[in-house]
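Once you scroll down, you'll see the structures, which are given as structure tokens.
Look for chain A in each of the two complexes below; its partner is chain B in the first and chain C in the second.
Our next item is the complex of A and B:
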């Protein structure tokens, strides 16, 4: 019976297949195109003569003897020291994820188990905080940070990213903990555990799916951040995204654009891998907030 | 859970939010009342063989001292809010008094930086959000009907535009729409206009940014709707079919009402995210024809000699007011629901 409801006339199948293909091209082609093009020279990737040049690469062939060149990557990673930005990003991302998950699980658990009215107000405040444009917050930080002389360091940025991340983490883990039955930790407490022991012994073993999903989004926020990192870090401490932006300003002359292209591709590849491995968790995380309302 | 245990669990998280979200908002409010110090000018007389010349120069030492003493600048009250680069009351009044027709009023208001940014931000928010919901819904319906084997790869590639950083995503598109890039060149061929450039005219830049916004956010709507579609009750669909509902009527009267709460959720998320549109403007180098509120703040803080804290803070305060107005309906709804539950 279910099959009958889903059976379609061939014309509809054709239209929907065509649409899916169209969407796939729209979504994926720009990235594949840029990845392919990052191995060419500028004369090919931005070809005045013929767009096919970006695929076959005649200028690249003339200049390098082969249709592919790693010149853009060499320029970005070695000459412009993109590797430094990669290390900075790793540090910032790692600590942001770990700290915000630690704070978030504790807070989210408390919010899910306390029935008092102030939990509602806290969650609403978190919602408003979540909506704050990050740059408005940054304009609040800059002057105090200058005064306290903590501007420009990685730990400052990590703490700020953790804080900006908290509202989202709290909401997500809050709704996740709501889905874990109350009986579980209450039974532990009846058996003589304190609240914290109950959390440690009964909740921590079963919370990992929710924590992994939330962690993915904390990762994305820290990895993708431009506003905070570009305003709060010095040139040497810059992470990948601000670094790419600084390439654009200083490298408009011939050939240097490819450095930025190579750097952009270098920043996209880890995300590719991430989606490959965690697609299911990302999808469930995106919908978690929606289903619970 | 007793209050004390609750506090024991939540205080680190609460402290972080108070220190780095609540206090900065207060700090912004405070800073917006101040303005940069006036330059201290010293006039020195240089007497040479051809007589004396008076030369005015900035006294750097005294300035540094003054800055150290009052880092926020000098008190300015609410003047920053009403000056020409923010709410511009005087200029608006003058425009209405001296302009002849609506077109002129519009053009002259669009020259005021704050209103230019506000109008773009609102246009972006309210044009991109519905389009995202619509496109996401269509993709979800269509993907739901393709063979299972293909669904995984389709979702994989669909997630890319959303998860890639806005700055990086917009750069990728920016290079493609360059007149030497593939899309730019293709458009020139299609419209047979070799001088066509998406970067040249403000209107086309706006459209480009909107298209980018939809491309970036549609996957989010798609994934949420797609997950929702898996839970649409099959019995209802089948009984609708038994009652003679066509394919379209089943979507219209069963699926759409069922997914309505999800649409609200997406709308809320999108309103919040689109209102702070900022990175695409940098990625597309579009600041000349389109600026947003967030971009104005960024630009003030990036000002060449020294950051314009006062001006940035005033724009920030106005942005925060905008966010709260945007969220009011949601907060009210949540409040009612919460009261119903308890």
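Our next item is the complex of A and C:
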């Protein structure tokens, strides 16, 4: 830090640090507030008398003898069988990600290496489909799904989510493949690979950051989707987000809102873990430029 | 046996002609250089040999086998790319081993073969590094090592030196020449640098606009260019070309008059001569015109005139001094002159 160019006036250091801290608090507050509140009862967290009750928790104290309670979690996970929703979400998310990535890498590679002009129009069409509101697809599919008697099942939802997600994965992976020089495929082919081997042995290892980043976005889309899953799934096949919504929708019963709060917190945790785990790949994937000559 | 024959090979994209009637017989163990400006079809020709580009018309024979419809992997060739084409996720050792792995060479032979190739390209100290941790010259040597690790019948090199700096280019060039003579493998080498072509080649193919302009040994091409394109492309500086008229064996244009040329031709011709074949003199001579510029090259000085619209340069000793605009005279013996038809550019006669 003795470097003259790196030296900053103390006032600037103070202001920028203060700003970052302020931003951090503003950004993290809703999460922290919800997480704290999920261990209270409804009377505290949604208290009309004093908002400080959500922090101190007098009602929780009165009801449970302690300032914290796991009642919300117990209600959501055990009584309302939130674990079922977790399993459903896992299935939907897993297959959506796997199918979109498989089709996306193969299709993106083909489009990136094809010299034909239709590539551009295919990608433009993909962009248009991606830009459509999700509900367009759902309302179009709803009647055929009823008639074919496939409404309410997980595979149906997976198909629709893949359809919504595919244009995006195709776009993203297409541009990742474009950043990999063609020489690499050609070198591999001259070295003795078939087209597919060249793709598998030479290109995919270089593509990992791109695949992980695209996979993460697909994951988030499937994980957070409400429109499709809420309209296409039956009550027992519901995924997490519609399930949480149904907790919120039944406020007449005391304490049920707390199930939603507890469930929301449960739903956030895997996201944190995932991003912490993959952060290196995500950063290198987002900043791209995987290979240079 | 690795004779490589191209029989009337054509490459067209729609109405665009990439390579036209390329007909060539490359002998076993020959070092052949394809030389030409960018976009002349030399790389396309090489890519057709490699199988990375389809042949529109004609045949490519490797040995006695027509390979037109074979996949690149089935042609038993290896190729060095301009941008190296190394696998960034593999170490130097694994990069060189890659062809053995995908071609299912028995595993117990891998180590010996890879180490031999590594020794040949002098990369022993860098075996475990990734390509990103190497300099440009080292990367190109990895690419060379990968090409020679299994014994292919033909080496293809697509401008392997153009991404290197000038000094490295000279040493790597020598290394390639040495490797090829040791391995005795038929080699096709693409470049736009005429010095590379002159130094490396057994035979040079000069191409322009998809067509072969001339095929010959480097000396042959340097001494007897077949047309004005070859004459202006080969040599540094390139051959001087002056447009003028030829009558009764006398060539004349603004500031230049050469006698004693063959009387067999007449009309509009282009006279060509090399900068090192002419000399500055005091008395009246073939060139007598105001000097356009003088440049000190180090080992010599270059005197330039502007004759009949084109710049003409000759080399003289480095002590020579003259002012720009001063009339300077030079002798051009008729015997060293080349005559080309101005309209077609084709060679007519030697002086």
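FYI, the second predicted complex is superposed on the first by the 255 of 293 C-alpha atoms of A that agree within 3 Å, B and C clash if a C-alpha of one lies under 4 Å from a C-alpha of the other, contacts with A are read in each partner's own complex, and residues count from 1 in each chain.
In the analysis below, a contact is a pair of C-beta atoms (placed from the backbone, for glycine too) under 8 Å apart; a residue touches a chain by one contact, two chains touch by 3 or more.
A quick note: this is a predicted structure, and the numbers were derived from the prediction, not measured.
Within the superposed three-chain model, A:192 lies in touch with chain C and out of touch with chain B [touch as defined at top].
In the superposition on chain A, contact of A:62 is made with neither chain B nor chain C. Once the two complexes are laid over each other on the shared chain, residue contacts for A:202 go to chain C alone; chain B is not touched.
Of the two partner chains, chain B is the only one touched by A:106; chain C is not.
When the two complexes are overlaid, the chain among chain B and chain C that reaches more residues of chain A is B. In the superposition on chain A, contact is made by A:183 with chain C only, not with chain B.
Common to the chain B and chain C contact sets on chain A are residues 290-291, 293.
Only residues 1-2, 4-6, 8, 12-13, 16-17, 19-20, 23-24, 26-28, 30-31, 33-34, 37, 45-48, 51, 54, 102-104, 106-107, 109-111, 113-117, 120, 122, 124-144, 146-147, 159-160, 162-164, 166-167, 170, 195-196, 199, 220, 223-224, 226-227, 231, 241, 244-245, 248, 257, 260-261, 264, 267-268, 271-272, 274-276, 279, 282-284, 286-287, 289-291, 293 of chain A touch chain B when the two sit together in their complex.
By the touch rule above, chain B contacts chain A in their complex via residues 1, 3, 5-6, 8-10, 12-14, 16-17, 19-28, 31, 71-72, 138-139, 142-143, 145-146, 150, 152, 154-161, 163-169, 171-173, 175-176, 178, 180-182, 185-186, 215, 219-220, 223-224, 226-228, 231, 234, 237-238, 241, 247, 261-262, 265-266, 269, 272, 275-276, 278-279, 282, 285, 293-294, 297-298, 300-301, 307, 309, 312-313, 316, 319-320, 323-324, 326-327, 330-331, 334-335, 338, 342. Chain C contributes residues 50-52, 71-73, 77-79, 81-90, 98-99, 102-103, 132, 143, 146, 156, 163 to its touches with chain A in the complex. Touching chain C in their complex are the following residues of chain A: 181, 183-184, 186-194, 197, 201-202, 205-206, 290-293.
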